[in-house]
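Letters are used for the chains, namely A, B, C and D, taken in the order the chains are written, and counting of residues starts over at 1 for each.
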Amino acid sequence: MPVTVKTFANFGEAASALSSDRSARYLGGGTLVMRALNEGDVSISTVVRANDLALTRIDVASSRVTIGAGVTFGRILAERDLAFLHAPARSIGGPAVRNMGTVGGNLFAPSPYGDFTVALLALDATVSVQGGLGARDMPIEEFLQSRERQSGALVLAVACQRPASADAFRYRKIARIKPKGGSVITLAAHLPSSGGRISGARIALGSMAATQIRARAAERALEGRALDDAAINAAAAVAAEGVSPTDNALGSAWYRREIVGVHLRRLLSGLE
Amino acid sequence: MLELRKDIFADERDDNLKEIGKGTQRQDMLGHVTGTSTYFDDHKLQGMLHLKVLRSPHAHARLRRIDTMEAERSPGVRRIIRGADVPRNLNTLLSLINFGKDDEPSLAVDKVRYKGEPIVAIVADSPREAYEAMAKVRVDYEPLPAVFDVEEALKPGALVVNETYPKNTFIYHDVYDHQKLRFGDVERGFAEADHVLEQRYQMSPIEHAPTETNGSIAAPDTNGRYVVYTSTQALFFSLDTCAKILDVPSNTFHFIGGTVGGGFGGKVDTLTEPLAILGAMLTGRPVRYQLGREEEMQFGSPRGAERIYIKDGVMRDGRIVARKIRAYFDSGAYTRLSSYAVVKCVAHLPGPYTIPNVHGDVYCVFTNRTPATAMRGFGVTAMDFALECQMDKLAHLVGIDPMEFRILNAYRDGDMKAHRREAKNTALIECAQVAAEKAKWPLREEVKRMSSRKDGGGSRAAISPTPIEPAPQRAAVSQQRTTYDRAPPAPIHEPPPPAPPPPPRPQSPSHGATRFSSVFGTRRR
Amino acid sequence: MTKTPLQFRHNGRDVAVFVDGGVNLLVALRELIGDMTPKFGCGQGGCGACSVLIDGELHLSCLTLAEAVNGRAVETLDGLKDGPNLHPLQRAFMEQFAAQCGYCTPGMLMAAKSLLDRNPSPSRAEVIEAISGNICRCTGYEPIINAVLAAASSGRARA
Amino acid sequence: MAKHRGRGIASINYPIGMNLGGDPSQALVHSNPSGKFTVSLSSIDLGQGMKSVTRQICAETLGVPVEDVYVDTADSDTGPHCMGSFASRGTHRVGNAVMAAAKEARGVMMEAAAEELEVNAADLETDGRGNIHVKGAPHRSISTKDVAIAAQFKQGKTISGRGIFLVPLSEVNPETGEMSPATCYAHACLVAEVEVDDETGEVAMVRMDSAYELGRALNPRLVEQQLVGGAWMGISHALFETPEPYYPDPTHGPRDFVEYLMPGPGDTCPHDIAVLERPAADGPFGAKGPGEMCANPVLPAVANAIFNAVGVRMDELPITPEKVLRAIKAQGGARPQARR
């Protein structure tokens, strides 16, 4: 079947079109869907686009920021109020990919992609999803666990709390190639503190399981402690707990397990 | 930063030249920066069709049935090409120089021997329609066990990869399963040596990864011929290969190329031209066949893997007295050019050093992986890696500075090389001296004074007595075993006894291709 | 196959074509407009050979749905020259011998232009970042980095 | 955590042209009526500079400015046979063929000039700026343009030449491997410095110093292109590249440029190169070929530098962080060798 492109002015209509047609894919920034079409993926015969302005809105007015699913990484980098997300945004692709790839699309990007989502997971983001039956917000963790079933849904936006300070959120992508490369491991840590003690740490890892996951043992190791060498070493020592990486062209499961603690320690201690 | 050291070898050069030696701008640079350099794909032909190839998902399988009925009826399909449509569906690239037997089909017929082997070609109005038709081709595979390791493939009873070579090795001189190098007596050398070091090296395959993938456009020309725009690295090589496979006179084709988006050896194999031309012949329309990036990476031929064993005997004073090498080139499922690389590798032994006793056995081995081909440094890159890592270990072992160790053993003018030709025009010592100077690597004065033009020849020009039959294994003498020593695997299988090569048989090609020359006693069948 | 009309500005000139559904901008530029300067290197977004500017912003034409540029302005290497005069980047690429096979050059130049349009005095690190989505297999990148830096300083000299 | 630096070296040689010879190339050179020359080849320029280096060889041989020569490559109807662009044979084989063709064309050009100046051709020389004059008497001169016009319209001569270069095929002895593989060899020695992270196994290039002997640098800028780009490819082969990351296990093959690893523009390092020229007896102006050999010394130099840095021998390519880390762990930690 030839490919049909359907463009909607309203995301609700786009969502309906997606959920009613198994061969339909949402175009987003095009980096996933156009590649699939270029490579002869004949399972796609409808491409759905939405021009709804809501999809490209950025709201930074309050301590909770909302980013439309259609916002590109290039736009995030241009937004001074989103400085805490600049490191993850810059870690994606080259400049051209960043001008195309979107926050929403990144949620669906298969390994070794999806680095921005690691940051969102550490920031405990919520994902607004428009399905055939209406819109709802879900925690990003729940979204990722059910991602396979979300392919007929349309993500509208993500939202997260702004970290209290620049130091409270850290991000690092370990890649073989510089300055741009696929992820061997991607790490993000949100480290809220009160009275000098970590409270409610969230550490997220990319390329360490089928989807982005949290390093819960490492989070627990930091909880209630000052971010000193002892706490950092304790977290690093258990960084590999609960991970299930696989071999791929960028690194083996063995290697990822070996170095995840090293890189977590370096991230937490602020070392290169 | 590049510095011309005109002071060195100045007496051998006439530098009184006008154009030579100048950094003149490239003739093609303006075209490159304006985007007007014309690559094969920059030819826009009216009514052009697109060719896509269905590839095997199995590394080794029997093809029980290929059903293209539904695909033939798919919208936009102009023609489906199967193996039976290819006039001469068996070829080996170097048949053009009479080296090796035809062993590779353009489209697989009864068996596939590597993952990605082409089975059916689809010519359609658009790439999308070709892909849709491809999804409708039904192939009934009977998966077979596969072999991926060169030494596994040589074990007795190993499955046969390529029936043309039932022992899974290319055949040299009609009798040997490898190419030999025999110069002096390595066993005697090892017996005399203060240290013996045996090591194993492995290089995995490498993809050429040119930014332009392999491809070609073939179109009926106004005079009954076919014009072919191509990314080939070797215009007549590809032209004559197509003439043979399509069984037509070579002047049927007008090949145009010359501006290519990188090759590095990966555009010699003539992967796309025969099918693009056949598509044009069968449809009467221009046909474009360009590999996608994933196809190029996974199924475009790579630089083949090599496994290399080196055993060296070295004296305390740093002289290497014996070097024995056994190497396996992983050719993948078909020969392509690996057979040639083996001989080039043998010629390269033992590296740029004068060693009185050298013994080499190099094998071209078939496995169920993508056929390998030429790449920049063909036949030499992996061997140089092994040799130079080995040199570093030897220097460490005898406690000599590694730069001085190389200069000490470097070949010089007048020395005899292991392939029994006199070394001339050598310059390894000077390169080492200048590199050391650049890197501020300290060398002793006497080493700085050494020269490629001094102290060569004489006893270094001699060929030591060389046993015809391999000498029997001697009992281990008082050699130091070292921390590098690892138990080397025993030889996998003995070569057949030497036999004289049969007399050459005259042969004339029945196809239209030009026969360039004749190499070895091995002849195309 | 149903075709969709598409109109956009191509290097300052209005063009209109009909495209097949799902066709990318690279195919539209090369096969329908006849602008062969953007190159196919991968179709995956990994090599940058097809880089173009859309409304002044660097994009990969192979991953851009052709229909999505309707009414927008597309710039390719073919539009980089000012009449017969080479752009400073083109001159710098020549002077630095920053091309061998030349296949990545159109994408490199567009990526570099995108940088200099926004940042006329980039650091070496910024140049490296700007071309990080473009693969070159021949040059080892060093001459390309030097060419972009040289073009930037020649631009400053003129200003 | 510690990062360790180390230096390693390698020295190599490389044969020029197809092994055993038997790989001819032809060239045709002809002038138009204005004394501008075209070289017709079927050879390929895949970035190495075939068009440019043969252009300079032709101009030098003819004795005309390089602007008066253009090279047309790779049309099987107009370009005579060439074996192809591989085996570092372009400069040597095609260069020699072009030189032979240009010599023949020059002979006709000098005869035609001699007829116009009414002297013996042996008494003439070119000035490289488009003029032919009597030796020792520069005022008795004629431009190549006027010679070409006279040859075409008055004398009825074609200023053209044919060239072929063939190293005759060598046989190989099956028992001893005795053969004549190549007529000349290029040489190189390279020092690599690396930095190894002993907790992650990552290797970063610090710098390279090298010397390459190439017979003659016909165009130093093109030589530099080959050596700089080739050394980058050597780093790539040493540390990154493979379509089979777990060879001989064929799984997990890369599908794109994210998964197929090559050094990015941020992975380069300073590289200081010296070029030596020891002319080859049968090279065009002594030239050998820089193209194929330039990556080769980098691979072992990097492996040897890693040993110097952390004391582990890396005998399998590519040298991934995983392989380095496994080796460091197997020996119980980094063991830096004597700094050199």
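Please note the rule applied: a contact is a pair of C-beta atoms (placed from the backbone, for glycine too) under 8 Å apart; a residue touches a chain by one contact, two chains touch by 3 or more.
Values in this document were obtained by computation on a predicted structure and should not be read as measured data.
C-beta contact counts were set side by side for A-C and B-D; B-D has more. Work out the mean CA point of subunit C and of subunit D, and you get 30 Å between them. A separation of 18 Å divides the Cα centre of subunit B from that of subunit D.
Look at where the CA atoms of subunit A average out and do the same for subunit D: the two points lie 47 Å apart. Multi-chain contact residues, meaning those touching two or more other chains, occur in subunit A at positions 2-3, 37-39, 179-180. Listed for subunit D are residues 46-47, 49, 221-222, 224, 228, 230, 233, 245, 253-258, 260, 262, 264-266, 271, each touching two or more other chains. Residue positions of subunit B touching 2 or more other chains, listed in rising order: 25-26, 28, 128, 209-210, 259-262, 264, 292-294. Chain contact topology: the protein chains form a complete graph, every chain touching every other one.
Across the complex, subunit C is touched by residues 25-26, 28-39, 41-42, 44, 76, 126, 128, 209-213, 259-262, 264, 290, 292-294 of subunit B. On subunit A, the positions that touch subunit C within their shared complex are 2-5, 7, 27, 29-31, 34-35, 37-39, 44, 47, 49, 74, 93-97, 99-100, 179-180. Those residues of subunit A that touch subunit B in the complex are listed here as 1-3, 37-42. Within the complex, the subunit D residues that touch subunit A are 1, 199-201, 240, 245-246, 251-254, 258-267, 320-322, 325. Across the complex, subunit C is touched by residues 46-49, 221-222, 224-225, 228-233, 255-258, 262, 264-266, 268, 271 of subunit D.
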